[in-house]
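Please go over the structures that come below.
There are two complexes below, and they share subunit A, which is joined by subunit B in the first and by subunit C in the second.
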Partner chain A sequence: MSIVQKAAKILFVSVHLILLSGCWDRTEVNDLALIVGLGIDQKKDGKIMLTAELIVPQAVGGGGQMMGGGGGSGVSGQTVVRSGTGTTVADAISNLQEKLSRRVFWGHTKVVVFGEKAAKAGIRQHLDFLSRNPQIRLRSNVLVSKGTAKSVLELLPPIEQSSAEVLRELSESQLLLRVTIKEAMQMLSSDADVAALPMVKILPPEKGKKDLQTIAFIQRTAIFKKDKMIGDIDDKLTRGVLWLRNEIKRANVTVTLKGEKGNITATLIRAHTEFIPKYEKGKWKMIVKVTAEDDIILNGTKLDLLNPKYTKMIEKELENETNKRIRAALKTVQKEMKADIFDFADIFHRKYPREWNQVKNRWEQIFPTVEVIVETKAYVRRPGVNTAPQGLPEQEVKQ
Partner chain B sequence: MIEKGKISAMQMGIMMYPTITATAILLVPAITARYAKQDMWLSPFWASLIGFLTVYIAVQLHHLYPQKTLIEYSEDILGKFLGKAVGFIFLFFYLHANGIIIREYGEFVVGNFLSHTPLVVVMGSMILVCSFAVRSGVEVIGRLAEVIVPVVIILILANIILLIPDMKVENMFPIMEKGIMPSLMGAIIPQGWFTEFLLIAFLLPYVDDRNKGKKWGMISVTAVMLTLSLINIAVLFVLGGITSRFLYPAFSAVRYVSIADFLEHIEAIVMALWVAGVFVKIAVFYYALVLGTAQWLNLSDYRPITFPIGFLLLLFAVWSAPNLIELIHFLGSSSPFYRISIQTGIPLILLFIAKWRRKTNNQKLTQQG
Partner chain C sequence: MDVVFRPFKIGGKTKAALIYIDGLANIEEIDASVLIPLMKENNAKENENTDQLIPVYHILEQKLTVSKVEKVQTITACIEHISDGNPVLLIDQQSEGFALGLSNWEKRSIEEPTGESVIRGPREGFTESLGTNLSLLRRKIRSPQLKMKSMKIGEYTQTEVVISYIEGIVDQALIREVESRLNRIKVDGILETSYIEEFIEDNPYSPFPQVLDTERPDIVVASLLEGRVAILQDGTPFALIVPVSFYSLLQSSEDYYQRFLISTVIRWLRYIFLLISLLLPSLYVAILTFHQEMIPTTLLISIAASREMIPFPALVEALLMEVVFEALREAGLRLPKQAGAAVSIVGALVIGQAAVQAGLASSPLIMVVALTGIASFTIPRYTTGIALRMLRFPMILLAGTLGLLGIMLGLLMILTHMATLRSFGVPYLSPMAPMQVREMKDVLIRAPWWKLNTRPRLTRTDNIQRQGSDQKPDPDYGNDKTSKGKGGS
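Our next item is the complex of A and B:
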């Protein structure tokens, strides 16, 4: 082999060394600030304050080694909260970045919390930012907070690692509303052009605990028209709304039977809501068929629940109770707030596209006049693992 | 013949599958959704008609000139000068089209993953890898496709299955709200992709079992049609009315997957399968271009011009558009007509002329005889 050939070979190999150093976008984990929760607030002067909850890697990773030491410091202090301000969210981020030694990374953002003021001012541009950024996941949960978003993210929850994780777990439990960024965007670009987001409130800390040692919990539902929050409803009404959105997963219903002392509580096993839209002679009508399957979890009466006669009575009462909840939700949301968060617009659109297109611009006026007929059917499947009421002498049990 | 390798008809069909779908699943669903709205799943069916037509034309031409590729028989059909001119049009088209494909690939990778890596590096490394495949000949590309495509199909299906919990069937209704027109409008753009089946005109001469060529071409078109429709349905069910707001709806939908809180963030899989698919796509286009150029210039071997053409491809990829917005504008406006006229229109004219010449020749022969 000639020297030239040898030199050429060595050159060829060494060219590859340049590539070995890695690529432009390599990022070491210890250069990243992992954002788990994001809060967006609007300040009095109209500027946006962005609050990020960041993971402190040592605290989280070191948890295993700390165990033996019995540090006793608890789990708090694993996250840090920082804020930045600017005219837009993106602006605020650069401001926030100035205060961080590491580069922000959005890939692990679990929740996005809008402060009440920001929600009232409009969330569209914030949602656009969140979906335009390739790092942020459309699955992140969106919430609204009573008060500022910062106050919610600042909390040091006693059980979970971060308040963002608390909010995510609470959202995913689906006791009340659960909305992801994708769903929020879908709601706002749907025919109805309204949205409903879960609203959180700070749980007052227990006595003897520091102010921040508590969590925020989902308690209400914020109602948006266009992209601005117009009001909120409490947890009871929210459950009614969930029935009407076919999103109810868990619910306990307590009823009393006529002529009986004490309560009976049933828990929901399965529920389904079917919507049958009707358009007759210029009148919009919606038949809502609710089916619920329950188990009894508490029996405060003297009735032996193995008697099918009582089951029928309980079912009847459960239907009434569910009906009442749905009616109450309809009254507030449909008649008073006039916000179609049940997405009736889309349901009508699907069934009666031609008729619907004629009224689509006037939908806001038509929606409150839609006649809603609720037909509920409840089934009690099991009496739990008890038969007659516990803790009662045999002779007092009503068969 | 310059190419000595042989592929089977099935390999050809398999090669063509990612050649169409790889880029069609990225930008096309959003463009289709813009026109067809909830009927977007219908559009691939209309669009595939031109795919079937293109395969039919290519196969018919192949029957008339069994040993030759598109570039060679255009000369036979139109004569030396016009034939060379048409050949040049084809070659230039494939140079440009492949440049655009490479650009789409680069934009996707840079836009979603490597946001600070220069586009040229991303595109250049892909071209380099492809040029090795192209230099190795049609057999190697065929076998690569055989390895890659089953994985791609399985992963596409797996992703769709993982999305099932997030799907809402009612997003599909009302079907054909404004008649058939929106879905036809939505089909115009994917049509451009289906015309790329003309590439089999470069592969058919090297197919072993040539009587099966037509069959596998048609199977490939059907598979592409079903895949695109399935992806459109999945995206529509997950994203509904906001599908057209995303640049890469299929990708955004897959990012939404979350099963039991731990099976999530799986877009890296999509990325992997997609890069594999696009690799085959670029390699097939690249191969057709290199082979065609060698035949057009009457070279005895196509290997020496592989790298120079690769460099040219990189330039075309950079020049094809100043930014992603222009690229999408081109793909969403004039590109389908550009592609259809060259990949289906010109071959159709070639076929008519060839048939007509055969006929007159036969008449002459019978008159003489």
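Our next item is the complex of A and C:
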């Protein structure tokens, strides 16, 4: 057999081998329903209602012209919201698929929103489904909505393309809490067995705008025990929680100095929180060391900030203010809700494994009794591009 | 009848004949240096021993004012010389004839090679005349070590082929191998060096060229200096260079004429665009049909939006437009120059706008096709670029059936194939595989000339030192370090 015949035979076989395996999972983009946001609600009869926000590509690009907006509920120029119901999320998806001409595709799902009711009923089984599905990304953001998830997703944001995109951008700004599917599951499976998820609220539309032309924004934090939501805290307390979770990224702190008129606002550049667990004579103690580095962005006083005496004073005030915020968060979350969302359990477990094992079954009772000592340290790094207070005659400035 | 028999009498007595082919011989020279001196003979010595035959050596030494004269004894040799253009002088009752080096035929003048133009660098290119080409090489290498070995290939065409190399640099075993491969060729005729190329390649079934062809004397000279062998042929401006590796096929002569930093960047640009020209359309197909989650949402949405009205699957769409592009490229090459402009206008309109507006192709795909086309032309060797361009069609099919897995499969197959290739015993992917770290100076980067001290190690050769070391220009060399600057060799 000549080499040509041999090569021809091998080629023949290999071409058919490729074609045999074929294009069995081939899908064109035009046959996909690109789901960007997913909402999970619980109805009164206990059934799950799944809401999907999907992009209508025809309306987006092409010639750049928008298709005529607003027919029935949830129809905008660019996104469509559809719902399906079922006993579980998986059931609801098959129900949803019946109402869609294109195959659902979860690969670009950016946010998962739990309705308040669904959150109170328990989110573990939903998270299990989300993590089991190969298409859904574990990096998607998880949120809880005040009211139903559907009402959040069907909004028509004036700036972004979809309400899911709004929620993703807001999550990633990390002003308040940001939690992905992976982090949510990690929190629930940690020693503390509690979780904290960002909570969104619908911004009331401006006057003259239609009811749906608005966005939902992250305003609160929902606290979960086991996998059930037990309550929520507002944005101020959430910042205190962020300090305690070593997650604070952006914060402005405004202080007043004793004997001085006017405010001074500092903005955070870097923050770090260190936890030192202590177990002494059957008593659990946690020392929280907070270090913050700030820039001054506003000076309403007459002080010249180049003088280290004044910056020292400002630093002192900043420390007090931060300490106050953290204490407030501790009071609500530790003493009232008794939910260990700071994951102290894990920290104790690591340092005192034997002692912790003895109390791990009644950690819920022990956690509120943990003595927390908050030590804050603040540094003013820069006074901004101006040193002296602006708009003041030179003689009035206090050197 | 182009063969001319010109009988005449030397000194009015001895019969002689001049045979030449009209158009190949220099007639003015024949008249001035052969016919006039020989026929005028009789006036001067008419009275002396008139009956005697004029001895041959006498004619040769005193009468023929031609510098290149060769004695021929056989008819075959005569025919050979005549077909080469050299007139043959036969004299009555003499067993020897004279082949006179008075050939002169129409040839193209030396022009800039259009296929391999450079911004900076010599602008001369080979012509169809072997003599001219050899002289171009001699002009650049004045050393007697530059050797030319001549042979004839083609039973009917009797085409002259010259193996050129520099003795002392080249590996003698390589010369023997080239000669033996050339000697094996038994054909009617060869019209272009590509005939030779196909006969002497190591793997004739590969899409990749294993021999470098060039029109530029400077490339040939640089290769000779690296210890390679050049094969030149009469009748074509293209010379072959062996052995080559894949990386030398990706280099342009200008890499060495430009500043080395810029050459390095351009080399990397070429490597990146090489991958683009091979992979971009298949990546487009694979991602759009199998892996929609792999690109940013916004990009996917805008591609989906532009594909909304396209009737074909991405695979068919891509194949269609790539075939159209290849057809346009081919048509642009073959069409007469006057029609070329029309083709480019039609091409731009058809491919660029009409296809999108007619809903046959989406605009992102047009971008992919255009980028692929541009990418393949960043490879300076046309033959290498076209190999990669043709390989992208099987890659698109693989991507359309198996997705990214198929692309990986195809890439592995291509890489494995390239790793098995050899060019005259030199591994095709060397110096990358097998890895020779020292040779990276001319592959990953283009090291400055004062660092390129050794020749690339192609075959077993002792003479690897190219130049003296420590030649980095330095203002200190003028003062205390003079000895360091000069020494080194």
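In this section, the second predicted complex is superposed on the first by the 365 of 399 C-alpha atoms of A that agree within 3 Å, B and C clash if a C-alpha of one lies under 4 Å from a C-alpha of the other, contacts with A are read in each partner's own complex, and residues count from 1 in each chain.
Note that in this section contacts are C-beta pairs under 8 Å (C-beta built on N, C-alpha and C of every residue); 3 or more make two chains touch, one makes a residue touch a chain.
On a predicted model such as this, the values are computed, not experimentally measured, just so you know.
With both complexes brought onto subunit A, simultaneous placement of subunit B and subunit C is permitted, the two fitting side by side without a clash.
By the touch criterion defined above, A:107 lies against subunit B and subunit C together after alignment on the C-alpha atoms of chain A. Of the two partner chains, neither subunit B nor subunit C is touched by A:173.
Within the superposed three-chain model, A:252 lies out of touch with both subunit B and subunit C [touch as defined at top].
In the overlay built on the shared chain, the residue A:185 is in contact with subunit B alone; subunit C does not reach it.
The partner of subunit A that touches more of its residues, comparing subunit B with subunit C, is C. Here the vertex is the CA centre of subunit A, and the angle it makes with the centres of subunit B and subunit C is 50 degrees, a multiple of 10. Once chain A of one complex is fitted onto chain A of the other, the partner contacts of A:350 are limited to subunit B, with no touch recorded for subunit C.
When the two complexes are overlaid on their common chain A, residue A:55 makes contact with subunit C while staying clear of subunit B. In the superposed pair of complexes, A:139 makes contact with subunit B only, with no contact to subunit C.
Of all C-alpha pairs linking subunit B and subunit C after the chain A fit, the shortest spans 5 Å.
Overlaid on A, the two complexes show subunit B and subunit C touching the same residues of subunit A, namely 23, 25, 107, 137.
Every residue of subunit C that touches subunit A in the complex is listed here, in rising order: 205, 288-290, 292-293, 297, 300-310, 313-314, 397-398, 400-402, 406. Note for the complex: subunit B touches subunit A at residues 111-118, 121, 170, 173-174, 177, 239-242, 245-246, 252, 255-256, 258, 261, 264-265.
Every residue of subunit A that touches subunit B in the complex is listed here, in rising order: 23-25, 107, 131, 134, 137-139, 172, 180, 182, 185-186, 189-190, 346, 349-351, 353. Residues of subunit A that touch subunit C in their complex: 3, 7, 18-19, 21-23, 25-30, 32, 34, 36, 55, 57-62, 105, 107-108, 110, 135, 137, 161.
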